[in-house]
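Next come two complexes built around subunit A: one with subunit B, the other with subunit C.
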Partner chain A sequence: MSGLRYVYAVCRPFGTPLPAQLTGVAGVPPKQLVHGDLVAVVGQVPAEDFAEGPLRAHLEDLDWLGATARAHQNVIDALTVVTSPLPLRLATVFRDDSGVRSMLEEREETFLRTLDRLDGRVEWGVKVYSEPTEDAGKAEAAEGSGARPASPPGRAAGSGRDYLRQRRNQRKESEEKWERAEEFSRRLHESLSGYAEDTRIHAPQNSALSRAPGRNILNAAYLVPRTESEAFVELVDRTKDDAPGLRVELTGPWAAYSFSGEDA
Partner chain B sequence: MTVVERREVALVDLLDRLLAGGVVITGDLTLRIADVDLVRIDLNALISSVNENVPAPWEEML
Partner chain C sequence: MTTAQRLPDPYGNGGGANLADILERVLDKGIVIAGDIRINLLDIELLTIKLRLIVASVDKAKEMGIDWWETDPQLSSRAGRDELARENAELRAHVAELEGARGEVTAGDRQPAEKPQKTEKEAQG
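So, the complex of A and B:
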């Protein structure tokens, strides 16, 4: 039967069968390909979608990319429950099983070393956003409660001087807010790093892509031992009240995507 | 923020990891299609059409 091999991850043998109903990319259940001390988790994918030409075309299609990324993650999530997988980059495809085996053999030493480093660890993602709307609301409220009798709601300030004063205050407030946000992020990263064996600072996410409200200030990944994860999550959870006008988001546990490199 | 609640993972969080993280395998064994430059180009185009001033989320990592 013709088909290419999509490889999700490399693991130590984990001795547990994958959930029977688990499906991956192309709707195909993943299988374990054991080779020596390593297991590649692979799925058969159709050449008409995953050969070089069609794949390149597909990767430019955000819907296809999104569906494939979710299917990939579905498998990695299931693996993360039973072991500490070493995830491969999205869309790593081989011609056949023997290609996968040769790859495992060729890179065995590196894989084993990395798997040892990641064993029993997971990745947590933490992001800090500034919340634009909430602060703007507060600024308006402060304006309204000033000593000067408030102008009727919904009406613009009476004079040009009022307008300029208002603009000045707004600008000052946004500068202060920015400084507070950076200071908060710096301290948060510092305390979270205390629980982590390794950290990565990713570039802030673009709100046009994430559709998350506010501006992303911190986008960091932490490699945390599973045994420390509860304390890590609690620490993140506690910070949410310390930061008016900011929003802290936690994602995970992830497989150690951000820490899979040899230089990591 | 709700830590306990499991929402669907945002696509951008997923792509941050799947396109910029994970082991990259290249060589004769693979079909050399783990190359995600095209994806980046596509997403950059999408972003710059919205706002040219904000960098792509994974620009620095590729």
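So, the complex of A and C:
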């Protein structure tokens, strides 16, 4: 058979057909491959794009990568509506169905254990940003331009003392601002953790790619039972207003990406 | 599908979670299984560079004094201290440079003033 097998996720059998119009990677509708107590959700993908050579080349292309990531996430999203899938990392590809089956068999025990742990849970993402202020903009611009280590030596006001005083004031202002942001994030994380069975703190996102204004301070993931999700979302909503100069962003519900590892 | 009603509607930018959110999860989280097509995503050089783009450097956050996730072993604090030490060294170098420049300028001011004096003295003497 031509074509390779792209595996999106492993689930418990969920007894619902996937939406007919759902398409995944390479524009192909995913199908369920049942094996024992497990289901792999797979799509047939063309070898000319997903064999090792072409895949490696494609992954270097941010447009291709972005489209493929969205298609992957599209399928995972649809699965999250009907079950609690164990999402696989992008571009997990097998030669044929039997390769997928033996993988399911080999890892059956681990999969079942993890699926039990994730059953009935979803992941919510919460990010806190500091809203860009004029001052912060200026300070960042100054740092970005590399003015810090090498301002022109002969500048009129440039006594070492003035320079240091200026730096100290700048630093103090931003320290106070970050202290407030840090304190807010800490409290938010604490109260959200009360609704979560597990949490992960991820490194902050770079605004160059996210295009989100402001600086990302907190980037956290929470594993929340579906039954608690409404309360969780309401809590995030309530805190949105008591943080002047900060912005709280909620994403989800996601499949439990951040909690899929064995160590989780 | 009616089952969708079981969950609150996606919030924030909803389905439009930004690309960084999606890449962060799809590339960096999720379970890793070696398929038949073996590509370690971290071997893809450009991809790795882009991943670094997605996830802002921890150093930068440290520089801003944000380190309360210190308890997360994945995000060690060493990088931040190094950064601070480097900045200190840079500042010291800068101060030395500025003071050096001042010294030269004053010395430079004095010398031309002294020389004519000397020559005057010499002329007088």
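FYI, the second predicted complex is superposed on the first by the 223 of 264 C-alpha atoms of A that agree within 3 Å, B and C clash if a C-alpha of one lies under 4 Å from a C-alpha of the other, contacts with A are read in each partner's own complex, and residues count from 1 in each chain.
FYI, a residue touches a chain if its C-beta (ideal position, glycine included) is under 8 Å from a C-beta of that chain, and two chains touch if they have at least 3 such contacts.
Predicted model, so just to flag it, every value in this text is computed and none were measured.
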Inset, instruction - Using the superposition on chain A described above, determine whether A:20 touches subunit B (first), subunit C (second), both, or neither. - result: neither
Inset, instruction - With the two complexes superposed on chain A, say which partner A:102 touches: subunit B (first), subunit C (second), both, or neither. - result: first
Inset, instruction - Report for A:81: first if it touches subunit B alone, second if subunit C alone, otherwise both or neither. - result: second
Inset, instruction - Once the structures are superposed on A, label A:217 by its partner contacts, choosing first (subunit B), second (subunit C), both or neither. - result: second
Inset, instruction - Mind working out whether A:70 is in touch with subunit B, subunit C, both or neither, as first, second, both or neither? - result: both
Inset, instruction - Considering only the touch criterion stated at the top, classify A:164 as touching first (subunit B), second (subunit C), both, or neither. - result: second
Inset, instruction - Using the superposition described at the top, determine whether subunit B or subunit C touches more residues of subunit A. - result: C
Inset, instruction - Name the contact category of A:186: first (subunit B only), second (subunit C only), both, or neither. - result: second
Inset, instruction - State which residues of subunit A lie in both footprints, the one left by subunit B and the one left by subunit C. - result: 4, 7, 10, 50-52, 55-56, 59-60, 62, 65-66, 69-70, 72-73, 86-95, 99, 103, 107, 114, 125, 202-212, 233, 236, 249-251, 254, 257-258, 260-261
Inset, instruction - Please name which positions on subunit A make contact with subunit B in the complex. - result: 4, 7, 10, 50-52, 55-56, 59-60, 62, 65-66, 69-70, 72-73, 86-95, 99-100, 102-103, 106-107, 114, 123, 125, 202-212, 219, 233, 236-237, 240, 247-251, 254, 257-261
Legend entry - Complex contact set, residues of subunit C against subunit A: 1, 3-4, 6-8, 10-13, 15, 17-27, 29-33, 35-39, 41, 44-47, 50, 53-58, 61, 64-66, 68-69, 72, 75, 87, 90-91, 93-95, 97-99, 101-102, 105
Inset, instruction - Can you check the complex and tell me which residues of subunit A touch subunit C? - result: 4, 7, 10, 16, 19, 50-52, 55-56, 59-60, 62, 65-66, 69-70, 72-73, 77, 81-82, 86-95, 99, 103, 107, 114, 122, 125, 148-151, 153-154, 158-160, 163-164, 167, 174-175, 178-179, 181-182, 185-186, 201-212, 215-217, 226, 229-230, 233, 236, 249-254, 257-258, 260-261
Legend entry - Complex interface listing, subunit B residues touching subunit A: 1, 3, 9-25, 27, 29-34, 36, 38-39, 41-43, 46-47, 50-51, 54-61
